[in-house]
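Common to both upcoming complexes is chain A, partnered first by chain B, then by chain C.
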Partner chain A sequence: MMRHPRVLLSLLPLLIPFAAIFLGGIIITVLQSLGILMFSYHYDDIFFGYRELLADRWFVESALFSLYVAATATTIAIIFGTLFAYLIWRLPHRYHGRTVIYKVPLILPHIAVGFMAVILLAKTGVLAALSYQLGLIDSFTQFPDLLYRASGIDIIGAYVYKETPFVMVLVYAMLSRFESRLMDCAKMLGASPTRIFFTLILPFLMPAINTSFIILFIFSFGGFDLPFVLGDSYPGMISIRIYDYFFHKDLALRPVAMAMLTLIFLMSLGFIIAYLKIAGKMMPAARKL
Partner chain B sequence: MFLRVASVSKQYRGQKVLDDISFPVRQGELVSLIGPSGAGKTTLLKIIAGLELPDSGSVKSTADLCANPAILVFQDYLLFPAMTVFNNVAYGLKCRGVKGTALTEKVSAMLAYFQLTDKSRHYPRQLSAGQQQRVALARAMVVNPSLLLLDEPFANLDRNLKAETAEFIKTFQKEYGITAISVTHDLQEAFIMSDKIGIMLDGRLHQFDTVKNVYNYPASGRVAAFLGHVNHIPASYFPLLGLDQHNGAVTVRAEAITLAHHENGVGEITEVQFAGHHVIYRVRVKELVLTVYSLDPGFSREERVDITITHTIANGDH
Partner chain C sequence: MNNLRLTFALIGFCFLAVFLPSSRGSAEDSFAEKLRQSEGTTVKWFMWGGSPTINNWVDGFVAPRVKQRYNITLQRVPADAAVFVNKLLTEKQVGKATGSMDLLWINGENFKNARENDLLYGPVAGQLPNFTLVDPATVTFDFGYPVEEYEIPYGRAQFVFEYDSAATTPPRSFAELAEWVQANPGRFTYPKPPDFTGSAFIRQAFYALTGGHEQYMNGLDETLYQEKAPKLWAYLNSLKPYLWQQGRTYPKDIGALDTLFERGEVLLNMSYHQASAQSRIIQGRYRHTVRTFVMDKGSIFNTHFTAIPFNAPNKAGAMVVANFLLSPEAQLHKNNPENWGDFTVLDLSRLDEKERTAFATLNLGEATLELAELAAAAVPEIPSGYLEWLERDWERFVLRGR
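Presenting the complex of A and B:
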């Protein structure tokens, strides 16, 4: 019994910032979404923020668009990252060091990737100029619209570029702990390389894949900088709408921004629970995280 | 001849791991290669399994290894951790396109034979070492391999389970009529289950023969010493110990000497060690010290004893 208070005491340096910043932040956000702790204004209706939010016809579209962008970008990054990490792992060991170049996008800030995309892909960008010089297009206007698309392809592309190396790092680290004799064993039993990948390697990688999926999905779901630089105005990612409500609109509408924040937190939480349940059902024996 | 290993050699980083290994294996035989750790046994097994290539030499078989492959059961079993016992055993069949009822029937029969029916839904981490080994054997046997290769089958088992497992392996090997090669450093278990034994020391096969011949007629002093403690008796002691006249010396196992109480006996007990199921005595005869394993704990230090040698194993080449 005496050990518990001691353990609690030793964890305090971690618990205090966690409680103050994370839980405190959530509590204040929820309270402000209900019009509480809004010192300049008084709201008779505590659900004012939520009613306004539901009346905003773009909100649902923004939320769905964010969900689509995050899910698509993360899924593609997971597939690419896992496959690339696997291919590197299968290379003779002496080549592994040379593949370090794949980590470059990791050190680039998201905003830098955003501007790189603009410089490269805009109608007046590097690729357009190159295509013109090579005679592939007759004028810059013929270069396809790749940026500010309602399909979000530019944001998805930038997220995939940024997130793929992250997946590769986690998956490769996991692969380096894989018992490669299991592959010998499966091969002796007659398994093809594809079967070995799907029946042995993928279940082993699931903790890394699940962890990266959750981290990257939530990050891109609520991400601000890439949608801000590359995104179309409407419906726009939900983070942009929150930013607008918080800074650009009437101060009295701040509970709406807080209600949106509360909802994306709940959606993220719901997503993690749903994802882990589905992942658990698909591969019951694989460790989840 | 079912399988012939011919002049196989292998080096790692300039160091010879296998040096000109040759031996034949008949259909349905169980052969054990015995040697200390680092003798190159597992490398040889991997070469026979096709997982590694020899630097020189060859492994030839009359079996169709494509239709019925050689399967190696690893020392640590290497069960697929994310699969149940059933799916582990079913793996090789699924790779061959077996499905539905045929799959279930074959796997269930194998699980029943290896006494694993009640464990079919368990995962490898939920099994004991002995159960894991049986899953690995069932997983190998279900694909009807032409050759079963066992890498240290007793290494991860409790002592009391080793002999039982050796008997079990021998039983199922004979019942299925499968040819098997095992590598191990567990002498007793190898003796129990094997038809033939090869003694590997420092990457070389020093002797390959039936179990009894290897034990009773070791090819060299090193082989004899590896199989158990031996005493080297010079010819000058033969009259004292009641041995027929020989040239040179004889080698005598510690358990091939019997002692008898006698106050004017030729030997004197100098040391007594209790070793569980036998007692180790050191007996001095003039300048010679003999080691004797006896079931009789009734001798004590400084006691004089008569010595009878029941069996000699070789003329000394040591």
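Presenting the complex of A and C:
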């Protein structure tokens, strides 16, 4: 890079906002997590925020819960997204245009998906009213609890709904570059459709799958809007814990909120590195993201 | 130039003569100056924006009046108090001498946070002519934190429970509430503290279950708290299996609980605003049979305030608006449930005969309790140190203690 000062110069318009906003934000977050730049409060122990955090089992539980929700939702979305994209691709070409409808959830904001879930699935929501009218239940109290579950199925479901089309777009774009004569060849040599999918198609798609996995996983790990609308009070996603600390608690506890943000950032970084390492080992060709 | 000054002085004098009959001498002079300075300016008022009723009152009543009388353009900026106090902190930190907020609607913990970091301009209340209509003893403390005239009283709210009289008979004490909840499983819950209303609910239960509020009024006493608080946690945990969603989860804020109540998913609701049920009946959100009640052992009230940031660009304008909000005219209009229903902070004995009668004959609506009943149950807010302990330990012993 140093040998190309002109490259650096031409990147400046991008680098300056990056440095000022992104790095600046991270630096202030880290400093405040250490009790520095904390208005008129003073802390004798610079690790006050981290100590408070790690002594609190709740933080660990929230982190594990976020991990579980993000991993489950992303895995399901990847499986569905890849399968659907493959099925659409296999359709006769004249039908491809009509399948645009699958892109609808892409343009919906996350928060809208959250509200849709509440309106449809709440105990006094549309589905409950429908079941009552159809005589399936005698009173809304019999309608199953679908929302606000400790198992996180409401958040996972909403993320899957929102993320599947995203995977489909990426995978479909990749598939359209696939040399379909390879498939004809495999067929002629007697390969079953399952075999074709797993030995030919899937390895070809891995770069797209890896990219979407990392993007979606990191996003849903730290995402705020869906857990805010749906979701259980306890343990709850980690983003909600940060929000509570930042806005609802005593200002003297700000370093704890900032310590959580710092740890979330480090964890996300760790996930990316770990994933790349594993993906790289599994198939060297897919290393490039 | 002289002519211009004379005109301004005359305008100022007319305002004082007409609107501020009972103001103090020295405050009058400097306030006339404020009126002159604020002519033609804009005041940005940062306030909680979650209630359409309140927003309409500010946009439809306050803004046109201050425009017409003082030629001030009032801009309402919706924001949560915790958010603008944070914003102010950042501005203080980076040394921004001229900020963007002129007037704040604030109280409780946010006021404490703001004062501890020296974010407010003041003392200011005593500079306002209409402050003489307030009994200073009623506004000495805000959640136990000394106000010292850094806040200007604005309104008074009291905690009430709401129920549909056609659907259920409400409990009258916390002991009866426990029985009621067992008899109606899944039909009661409270917003998750630190939500403002949910937090007030547990404070009220704390008073009622541990022998009244008086013992907590003399500053923080950790031994006392440690001795008393377990009773509250035991009580709330005993309710848990019978709460909405078996107490596994709580509505995240009062808005979420309101929705559950409107849909009939829960049968009791609560509000830190004694007239909100009446306003909602008028708006058509609640059935006509909805009524309010208070528990025997008291219901918490608090005063809410306006304040001016240290770096407000238009302090004079903010003071004129705050003074208008404190005028008998605005306080009376605000007290009417058709407009808002927020109770007045004025000392009625300091008003003239006509104004007193107007307040006395105000129709508060069937869903609002009589003033006498509310006053008989009224108990003060707890010092905010206790509040923080209660919120912290609720998470520890109730939310996670399963």
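Methods note: the second predicted complex is superposed on the first by the 283 of 289 C-alpha atoms of A that agree within 3 Å, B and C clash if a C-alpha of one lies under 4 Å from a C-alpha of the other, contacts with A are read in each partner's own complex, and residues count from 1 in each chain.
Note that in this section a contact is a pair of C-beta atoms (placed from the backbone, for glycine too) under 8 Å apart; a residue touches a chain by one contact, two chains touch by 3 or more.
Being a predicted model, the structure only gives us computed values, none of them experimental.
With chain A as the common reference for superposition, the partners chain B and chain C occupy compatible, non-clashing space. Once the two complexes are laid over each other on the shared chain, residue contacts for A:140 go to chain C alone; chain B is not touched.
Among chain B and chain C, the chain that touches a larger number of residues in chain A is C.
Applying the stated contact rule after C-alpha superposition, one finds that A:45 touches neither chain B nor chain C. In the superposition on chain A, A:124 makes contact with chain C only, not with chain B. Here the smallest spacing between CA atoms of chain B and those of chain C, following superposition, is 49 Å. Here chain A touches chain C in the complex through residues 37, 39-40, 58, 122-124, 140-141, 145, 148-150, 228, 232-234, 244, 246-251, going by the rule given at the top. Against chain A, the residues of chain B that register as touching in their complex are 49, 51, 69-72, 74, 78, 80-84, 91-92, 95-96, 123, 139-140, 143. Residue ranges on chain A touching chain B, taken from their complex, read 179, 181-182, 184-186, 188-192, 195, 199-200, 203-204, 283, 285-286. Put simply, chain C touches chain A in their complex at residues 80, 82-83, 86, 89, 92-93, 109, 113, 116-118, 186, 192, 194, 245, 248-250, 252, 260, 263-265, 388, 391, 395, 399-400.
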